[in-house]
Amino acid sequence: MGDKKAEEVSITIIDYDEAHLEEKEAKEIEECFPFKDTPTVTWINIDGIQNVDVVEKIGRHFNLHPLAIEDIVNTGQRPKMEDFGDYLFVVLKMLHYDEQENGVKAEQVSLILGPTWVISFQESWGDVFDSVRERIRGDKGRIRKMGADYLAYALIDAVVDNYFMILEKVGEDIEEIEDELVTNPVPETLQTLHNLKRQMIFLRKSVWPLREVISRLERWESPLIQKSTHIYLRDVYDHTIQVIDAVETFRDMLSGMLDIYLSSVSNRMNEVMKVLTIIATIFIPLTLVAGLYGMNFRYMPELEWRWSYPLVLLVMLTIGVLMVMYFRKKRWL
Amino acid sequence: MGDKKAEEVSITIIDYDEAHLEEKEAKEIEECFPFKDTPTVTWINIDGIQNVDVVEKIGRHFNLHPLAIEDIVNTGQRPKMEDFGDYLFVVLKMLHYDEQENGVKAEQVSLILGPTWVISFQESWGDVFDSVRERIRGDKGRIRKMGADYLAYALIDAVVDNYFMILEKVGEDIEEIEDELVTNPVPETLQTLHNLKRQMIFLRKSVWPLREVISRLERWESPLIQKSTHIYLRDVYDHTIQVIDAVETFRDMLSGMLDIYLSSVSNRMNEVMKVLTIIATIFIPLTLVAGLYGMNFRYMPELEWRWSYPLVLLVMLTIGVLMVMYFRKKRWL
Amino acid sequence: MGDKKAEEVSITIIDYDEAHLEEKEAKEIEECFPFKDTPTVTWINIDGIQNVDVVEKIGRHFNLHPLAIEDIVNTGQRPKMEDFGDYLFVVLKMLHYDEQENGVKAEQVSLILGPTWVISFQESWGDVFDSVRERIRGDKGRIRKMGADYLAYALIDAVVDNYFMILEKVGEDIEEIEDELVTNPVPETLQTLHNLKRQMIFLRKSVWPLREVISRLERWESPLIQKSTHIYLRDVYDHTIQVIDAVETFRDMLSGMLDIYLSSVSNRMNEVMKVLTIIATIFIPLTLVAGLYGMNFRYMPELEWRWSYPLVLLVMLTIGVLMVMYFRKKRWL
Amino acid sequence: MGDKKAEEVSITIIDYDEAHLEEKEAKEIEECFPFKDTPTVTWINIDGIQNVDVVEKIGRHFNLHPLAIEDIVNTGQRPKMEDFGDYLFVVLKMLHYDEQENGVKAEQVSLILGPTWVISFQESWGDVFDSVRERIRGDKGRIRKMGADYLAYALIDAVVDNYFMILEKVGEDIEEIEDELVTNPVPETLQTLHNLKRQMIFLRKSVWPLREVISRLERWESPLIQKSTHIYLRDVYDHTIQVIDAVETFRDMLSGMLDIYLSSVSNRMNEVMKVLTIIATIFIPLTLVAGLYGMNFRYMPELEWRWSYPLVLLVMLTIGVLMVMYFRKKRWL
Amino acid sequence: MGDKKAEEVSITIIDYDEAHLEEKEAKEIEECFPFKDTPTVTWINIDGIQNVDVVEKIGRHFNLHPLAIEDIVNTGQRPKMEDFGDYLFVVLKMLHYDEQENGVKAEQVSLILGPTWVISFQESWGDVFDSVRERIRGDKGRIRKMGADYLAYALIDAVVDNYFMILEKVGEDIEEIEDELVTNPVPETLQTLHNLKRQMIFLRKSVWPLREVISRLERWESPLIQKSTHIYLRDVYDHTIQVIDAVETFRDMLSGMLDIYLSSVSNRMNEVMKVLTIIATIFIPLTLVAGLYGMNFRYMPELEWRWSYPLVLLVMLTIGVLMVMYFRKKRWL
């Protein structure tokens, strides 16, 4: 069960056919009851499902099964489609990108498709259905000429179209981090990578069952869905597959990026090791030479010679230069 | 075969229909035999199956197949569903979180669904069925109005609902360790990670076959299951899928966390290496310089100069500062 | 939606049967309308789909479904095949290797197969269909003797054949980098490896759905596809499987190469470590010896001896040689 | 083809029905021919199949197909089930744990199920069928009341039950090594881990096809298998699934253990690195200080001061202590 | 398309029935045309398909489809089976182990099965079909009594049997390298491992489609294949599965060996690190002590003492011994 926000319930009713359009905001849930048996298409949208009372009232009037009502109210459902004979019940996940928490959040949307009406339940006010409202108001496309099943299709399509926006956002995040990986990989990059991976797990969980839901809807033999609507559902199905493709591609890319991260970290380590080795390898022998002539033996003839000091310095320089050349040849420098 | 605890067998009988309710604790297994042919719904619950005698007696009276009895008594079964014609036989795994051993334990629950009775076998006293008992006693929901198949559904539902509690517990453990990973990864964290992974393997093993069991139950054409019960079984099926989803998500998260652990360990190593390299790289050349002027050559004119000592110190300081600046530029500091 | 280049639309019409051949470049889209109902096979090729007007006009005249027109214009479609009764609608991805960006790019090709005509839509001028044009003009093979379905097959075949060229190109890149891996692995190699992997993800995404498309086409029972054409479609299907095989093989090879890269990096690290260890292990003890005789104790009898200096040098040499021998035995040198 | 041991062939015949039981050891293969057409159930067990002559003679008398005979003699077969109309031919793998080589070995068991007889072929004397013999002799369970198909089931069941013993053995090995991993991971542990993994590959190869074999047997519509036997085959099938489950669980656990091993090795390395770094970091600067005052400059005023030596010692001590405190804070100690 | 060797074409014809056998080497392809309509079984074997002319001539005479001829000549086909009504067309891959390049090579073999004849096409002279020739000549087994379909089976069987030889060879290579891994892992081992892995990818690519081909052949309802031959095809199918099993097992083993290699490399690294750490840890503090008494302070009372030098040496020895003991306890030595 998701968290139930304390917002008010908002009920909007849109009733239309090709010729007429009525739109109103209901104060009481009872206001939408008369629309049940009119021949015109009616769309009842309920924002804020925390008011269980309202959902139960509408359930009783529209003869919804107790299990359906339970699923509408408990927001932890997987996307699914259930045929109750008189109506179809569809649960979807609507995603939105939370800028503050830098992550994808999900919200449950339930649709009930009856013969001439569609009831939609949302967790909170969202604007994802605004495009559908506009199309009804403006009489754009064929929506005013078609039945309730086409309206349900339009709503599902709006939800799925919204996924593409989310994917674009996530895609940008991925590209940003990919640049970071190449230019300057820091431990925080790994953290971000990990977060993106978790979001992919989350997206997958929302999107995979959606595919099945829409595939079942498309192939479903129900008097509630007209034959001409099937091709539109097929279209939404294609979109869902595109979304899944994108999610899987992102997953593959993220896996590849983890490999890149780990091996650039190991490359850096390598570089550090080389510097250490070179410094140590050059200076440790020289230090020995210096140590030798710091010994206090009485009989060390070199100590008395006139040119031994500059000679020793020269020898040291030569050793150093030879070593640098050796490392060059070994491609360590 | 699980370990058979030496507890006593406890037999409780609940017999009910819409109007009447009888509940009693049986001392002898024979007490429950008369309920077999009454038209009312009877639920016989047997806790503690180590007493093979009791199970065999009830098996003979209720005409259970020897293989079913064997499966009830041997607790290493996979969840499964078997149709023996006169009755359905269902084996489930009930999970509980063992606080002492910090892990998930499983217990076998077997259900026999006959025309008007349900027999449930548990390994030990559990309270997972208490909610069902309450609903029968309180006449809550539709349980008193429905048949034995609905009772069986209610029991299965209670078992599956219990899984969510386990998952919540495990989810908390995972979140706790995730925080630990980021703030302070120690070898013990890895051990805990490993334990969580093993629990996931265990959970998966219990949950995946459950899905098949309930899916078969839901699609099964048997006179023992009424049509109206199928939608409830479909609901349990959805819950099972949710459980599987959660387990798979946890598995994915744990894999990701292992990567995080390993790379933060490697990051730490990196940091240690850098410190070593920096110290060595700065001090080894300076040590050479000091060694040079510790040499005992007779003709080292610098030794006699007035300001060579402070000059050498200054040179050393300069070399050190330059190196620190170089490492800064290289982003090693 | 792909980027819509501002190129002009180019419309070419080829109308033929066994005896006659007419080829013309249309200025206005209306010029191709009369060919709709002629008994001869007509191929209308439209390059540059950014001019939505043209697509919509042709759609209206040829009675195309609005969703089909939408899919033609929006270039982010997955390969798919749709039967609209009067015509079949096929979306394919045409790949070409972009030498400048060193990567594979995709372009959407849509085909409409009617009873006596095929309409093809391309994003920009391409030469992949030139071979088909040549075959029509030169009356090579059976193309002039067959119907519109064979023409559609020929176009699909041209697209799939083009994939082999891309694969050859990518195969060369892979072989080149494989040699590099063995001779001289540098961080840039990893970057190239990563790019090749991303291209494989991209290729897979284009090729896998293609398989399904052509498989469906081959098995499709439609009056638009004659029986004799099915064996040709089966042949294209085999080619698609070969392409998929190659892509999967490349993926496997790339995974193996990442392992090779990582372990040759780790081998190099190992080599560096060994050098450091050997140098340090040989010189640090010698430095101690030198340090010992640099101590200023008054009573160090060795300091006064005549041959201690050469003796100490000899001892040092012996220690060094023994250590080198030890490392030889340990196979570190 | 397995190695063919030079052991003698041993032929035992058990002929029984509910009332009578005849058991004899045959010297010549011809002794078992008369039992072919008796109405009683006959079990002919042949140990040691290296004597191809015997197998071919029996094959001719019982009308076995040449391919079946070939499969009996060549011991590299996968488990499989073949219906030859007059008889069913089943190939199984019997496993036993070879204590000397510390690994699982397989042996081929072939069963021929005719209308009233079962012929079993084993590579060498085994005791896995002894339990079946005991049940026939002692008239335990229902075996004497049932037909040849039940006998075949009993033999298959004996083979599968034997798998659980193997799994228990392997499970113990895994647990032993798991303890070793935590307490003291040495390279030998890895070797053992690797051996266990190879055994899992081997077990999988034997067990997965078994599942298919028994599943086919269970669903097979053959007059040779009575309806009442199907539920027993279903039971063996469940056991096979349990075996597969266990093998997969072991595989998952072994993968997890490899990760544990690798990361505890890397943890150890880490610890070693830290010690090195700490020692070097503390002593290298101190050595520089000592080196400084070992320089032979004439004008080093500190050298002449009364308390410089103890002061320098104090400074060195302070530096050391501060560093240790720093490392403590960094959690390196 | 494979490389087309410039070898001559060689055509051999074997015509037989139970009573008669005719064998001849054809100079001209036309010599084999008369055998098309004889009732006896005719096997035409064509070695060297680079002579497209010959293939096309035979194709015209035997009414082969242009696509089949194309597939025979282009040697990059996947194994496949195609029913052209009058004849079946089968493409296989024949493998042979190239000792010089130390790898597995593939060659395409195409079979055409007509009512009374089989035509086989090979890329170059091979001896894999010699065993079939021997069986025909020697009248061994049932080959002379059966039709063309059995001949086709015998040829396919010869190809698949040849795979076992390849697998044995590869298996030996794997075992050899496994021993090397344990005794002395060098970078070349990794290279060999990588090569073996690539061969596995190659083998898989050849073997997996073979499985489908033979499975389709076995289940195919064609008048060209007699019922009695199906059981033989089933046998070849079992062999194919065995080959696939072996390939998959080899793959699993090679993956495990890569892990072993990487961790033994890391173990060696570990060992090297320990030696470095131990040397550095023991000698660096001692060097400091020596450095201390090399300082030139005027007031260092120890310098004047009689026994300080041997005392200091003793202290150093003690420190060294204590450290070695500490490392022993830590199990680093």
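For clarity, chains are labelled A, B, C, D and E in written order, and residue numbers in each chain start from 1.
As a working rule, a residue touches a chain if its C-beta (ideal position, glycine included) is under 8 Å from a C-beta of that chain, and two chains touch if they have at least 3 such contacts.
Everything quoted here is computed from the prediction, not taken from an experiment.
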Write the angle of the rotation needed to overlay chain C on chain D, where the fit uses Cα atoms and the result is rounded to the nearest 5°. 145
So the centre of each chain is just the mean of its C-alpha atoms; given that, what is the distance between chain C and chain E in Å? 26
Suppose each chain is reduced to the average of its Cα coordinates; what separation in Å results between chain B and chain D? 26
Give, as an integer number of Å, the spacing between the C-alpha centres of chain E and chain B. 42
Whole-angstrom distance, CA centroid of chain A to CA centroid of chain D, is 42
In chain B, which residues are in touch with two or more of the other chains? 266, 269, 273, 276, 280, 284, 287, 291, 294-296, 300
Which label fits the chain touch graph of this model best, line, ring, star, complete or other? ring
Which order do the chains take around the ring when read from chain C towards chain E? C, E, D, B, A
Under the stated contact criterion, what part of chain A meets chain B in this complex? 65, 67, 76-78, 80, 82, 184, 187, 190-191, 194, 197-198, 201-202, 205, 209, 258, 261-262, 265-266, 268-269, 272-273, 275-276, 279-280, 283-284, 286-287, 290-291, 293-296, 300, 302-309, 312-313
Considering the complex alone, what residue numbers of chain D touch chain B? 182, 231-232, 234-235, 238, 241-242, 245, 249, 252-253, 256, 259-260, 263-264, 266-267, 269-270, 273-274, 276-277, 280-281, 284-285, 287-288, 291-292, 294-300, 331-332
